[in-house]
Amino acid sequence: MNFALQLITAGLAVGSVYSLIALGIVLIYKCTGVVNFGQGGFLVLGAYLTYALRAAEIPTPLAVVGSAAGMAIVGMAAERLMLRPMARAPLVAIMMATLGMMILINAVCLMIWGSDQRAYPALFPDGALDMFGIFITYNYIAAGILSIGLSLGFLAFYRFTNLGLMQRCTANNTKAALAIGIHTGNQNCFAWSMSAALAGLGGTLLATLNGLSLGLGSIGLAAFSVVVLGGLDSLAGAVVAGLLLGVLQTLTAGMLTPILENFLRAYTSVYSVGALQQVVPYCLLVVILLVRPQGIFGRKGTERL
Amino acid sequence: MLRHLSPTIFAVLFTLALLFVIPWLDRYATYLLISVAIAAIGALALNLLTGMCGLINFAQGALMGVGAYTAGNLGNAGWDILAVPAAGFVTAIASLVIGLPALRLRGLYFGVATLAAQFIVDYLFKILEPITHGVSGLPIRQLRVLGIVIQNDRMFATVCVLSLLLAWWAMYRVKNTDLGRSFLVVREGEIVAKGMGIDVAHTKIWAFLISGFFAGIAGALLGFNARLADPEAFTLGLSVDYLAMIIVGGLGSLTGPLLGSLFVTLLPEAIQRVAESFGIASLLSALREFTFGLLIIVFLIFEPRGLSALFRKLMFQRDARNRKKASYLNNSTQQPQGEETK
Amino acid sequence: MTFVATDVSIRFGGVHAVDRLSLSVSPGEILGLIGPNGAGKTTFINCISGASRVDTGSATWDGEQLVGRAPHEIIRRGVVRTFQNVSSLHDLTVLDIVKLGEAAGRSSRGLLERFWSSERDRENGLTETVLRPLRLADIANQPLQTLSYGLRKAVDLARALAARPKLLLLDEPVAGLTSHESATMAEVIRSVRDRIGCAVIMVEHKMHVVNSTCDRIVVMASGAKIFEGSSQEAQKDPEVRRVYLGEA
């Protein structure tokens, strides 16, 4: 029981970071109708930027904020340079372009920092907390709290501020928003830069948990499971689904894998199930798409994209 | 003059020319020819599903892997050249398995489903050790055609070029049938297609089967070429490579995949030359990726219809000018049914 | 062989888009379906062609129920419709579209036939039976994209005819056409009916076209049928006048 709680807690922490990344994807989709396949690229770049800033002896809080700011600029650039010229292009083309963008960003990171895994600078103090028999490192606590905090903060911003209101208008009906005088170009720009910043922060936090390497980008793709599970047009759904997925992953790694391996070893010649927890998001994705494509909180009909 | 030849005859002549040239090619050129031929077959396959029928497919890498593993196992068991079409059939089934559940989904959601499939199949390649030998890869015996061992690159290149001709010819025939036309209409929109009486599910199923078949062929040849089927070779990266080929080449056309596969396969080679002359060879793979990503974006922004559209524009610029002149003079032959309103 | 619609109804939310509509058409007859905007005419066509669901009611052709069937099954039974908005489809030519129409009306062919049939014979057949009567034979190989709106509508009609319809559903066939084109289209519709003896339901706004082609008309308003009879009688009917002209 204790073990399960341990896994769940870790899962919540990791899951909250997934939520953060997924939030960005949903944000861009709601505002512009585009699905950003390149979110993984933003993730990785953000992590590397924090790394670079820390390597330049800049204190942690400033490095993290600086990285987020840098990512916001990257997001803005992406919107201006790539998305605006393609405003009237078919959706398929735009999505492929975001994929191209991810390849581009990955290549830039590869060029500057190389392909080796790097030890991530400690952003939070070492050590762990022992709560009711559950052992949890400060890294995980910090990642969890920061992510949930940022996510909820963003949700509040979206719901309660003027800018958030304008975002919601643009998301709901671009033509109507234009008609009442909202500069949709600026709104799109904001959505992209915010999304990139959120992804960058998520990347930084993930790197503190998993180490820094280009492989982080694939989590950007796993975030799509979160998005689909929660509902492509639901911000709250992204948060909830991220947490669910995180817990599912840790429970799989901690409990399902050993059980499955014992079973397989006894009855077949298959020895190991490898990284089962990494493929779990995708199995979940397939199940959701078959059973309830609009996700937990999505509105029916959004899957007719 | 060349344009007036039937495309089939042109293709056959071109293939014969290639076959004639093979004995004169050096090792490197033969290697390039094989790479391009295999890529072209895979690109033609993906083009049918994604380019013509509009179903975004991220699982091309996984499907080619299915082809490679199937052909490898059958080849090792003595199936000779039959291992290749057999791999095609198995991959067609696999393609249908991936596609069927996703039949109800459209556009993006369908793409995401294929993305999931790519990762799941990837994972299966790694753990189904009895069939795939897991992460170490499945060693594959040399290809045999009717008992003759294909023991050097030149012989293998011949096999690849002939396979490409067959693949192209099959695509050409399909494009000119009702099924081929239905693909294009389904791509425009399912509502339009249904309204015209097209059985959309039926059309999509055939798209999966045919596309899967040729993806399997390409994968099989890839496996026989490398003499190994290895999970690392059939990842999302390969799927993205092929998507780039059909985008850059031009979605939907028949020349598009050919141009695109040529371009994308030769690109790393060109970059290698440039990098070496500038002394930045260490950044090679990063440069390739960078140019790749940049090209995809640039093409999508400026020439979404790809190289084949550019090609056509250049080739037929003279024609277009002449046609304009003629129509200006022969106004009376226009619009048999009254004035133009648009 | 008649078409009989009985109490066809469909609701969107609280609105009765089509409210217990009943009508019938026989082969060789052209029935005009008219009414003010929003009356539910196109929705009705959508219902019986399978493009839209039907909440209650039935629509039968030759005794066979059409409600609940997929569009391609309905077309295979000879009930074919045209569209108001004719989009351009990639670089498909006029002949391509017409071939697709023909394939839709045909029951399944074998796999081999699909790949090996003589395209040349089929093209000639379609050109003679469908393109020439509509004066489209000269532009058979032009891509749809390059044609004017009027020509595209003609191609859409050709597509529908290629499916060998027994009941033709025309959705505003002259909308967007010049008066010259409208007259030509009206003549074409009449000659098609004369030639192949199909039944026709025509949704239309332009009264002169309705008067010159339709044998009978049905007037709809707010989803329901408010009048059925000849065009002259319709002009005198008080309910029809109220719906079109307001309270007198």
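Think of it as A, B and C in the order they're written, each chain with its own count starting at 1.
Just so we're on the same page, a residue touches a chain if its C-beta (ideal position, glycine included) is under 8 Å from a C-beta of that chain, and two chains touch if they have at least 3 such contacts.
Source: prediction; values computed, not measured.
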Chain nearest the global centroid, as defined over all protein CA atoms shown: B
Longest centre-to-centre distance from subunit C, chain (CA-based): A
Length of the line joining the C-alpha centres of subunit B and subunit C, rounded to whole Å: 40
Chain centre separation (subunit A, subunit B; CA means) in Å: 32
Rounded Å distance between subunit A and subunit C, as computed from the means of their C-alpha atoms: 50
Sites on subunit B at which at least two other chains make contact: none
Complex contacts: residues of subunit B adjacent to subunit A: 54, 56, 101-102, 104-109, 111-113, 115-117, 119-120, 122-123, 126-130, 236, 240, 243-244, 247, 283, 285-290, 292-297, 300-301, 304
Residue ranges of subunit C touching subunit B (in the complex, touch as defined): 49-51, 70-72, 75-76, 80-81, 83, 87, 89-90, 92, 96, 99-101, 103-105, 114-115, 119, 134-136, 138-139, 148-151, 154, 159, 163, 176-178, 180-181, 184
Residue ranges of subunit B in contact with subunit C within the complex: 173-174, 176-179, 181-182, 184-185, 187-189, 191-192, 194-199, 252, 333, 335-342
In the complex with subunit B, residue positions of subunit A that touch it: 35, 82, 85-86, 89-97, 99-108, 110-111, 115, 218, 221, 224-225, 228, 268-276, 278-279, 282-283, 285-286, 289-290, 293, 303-305
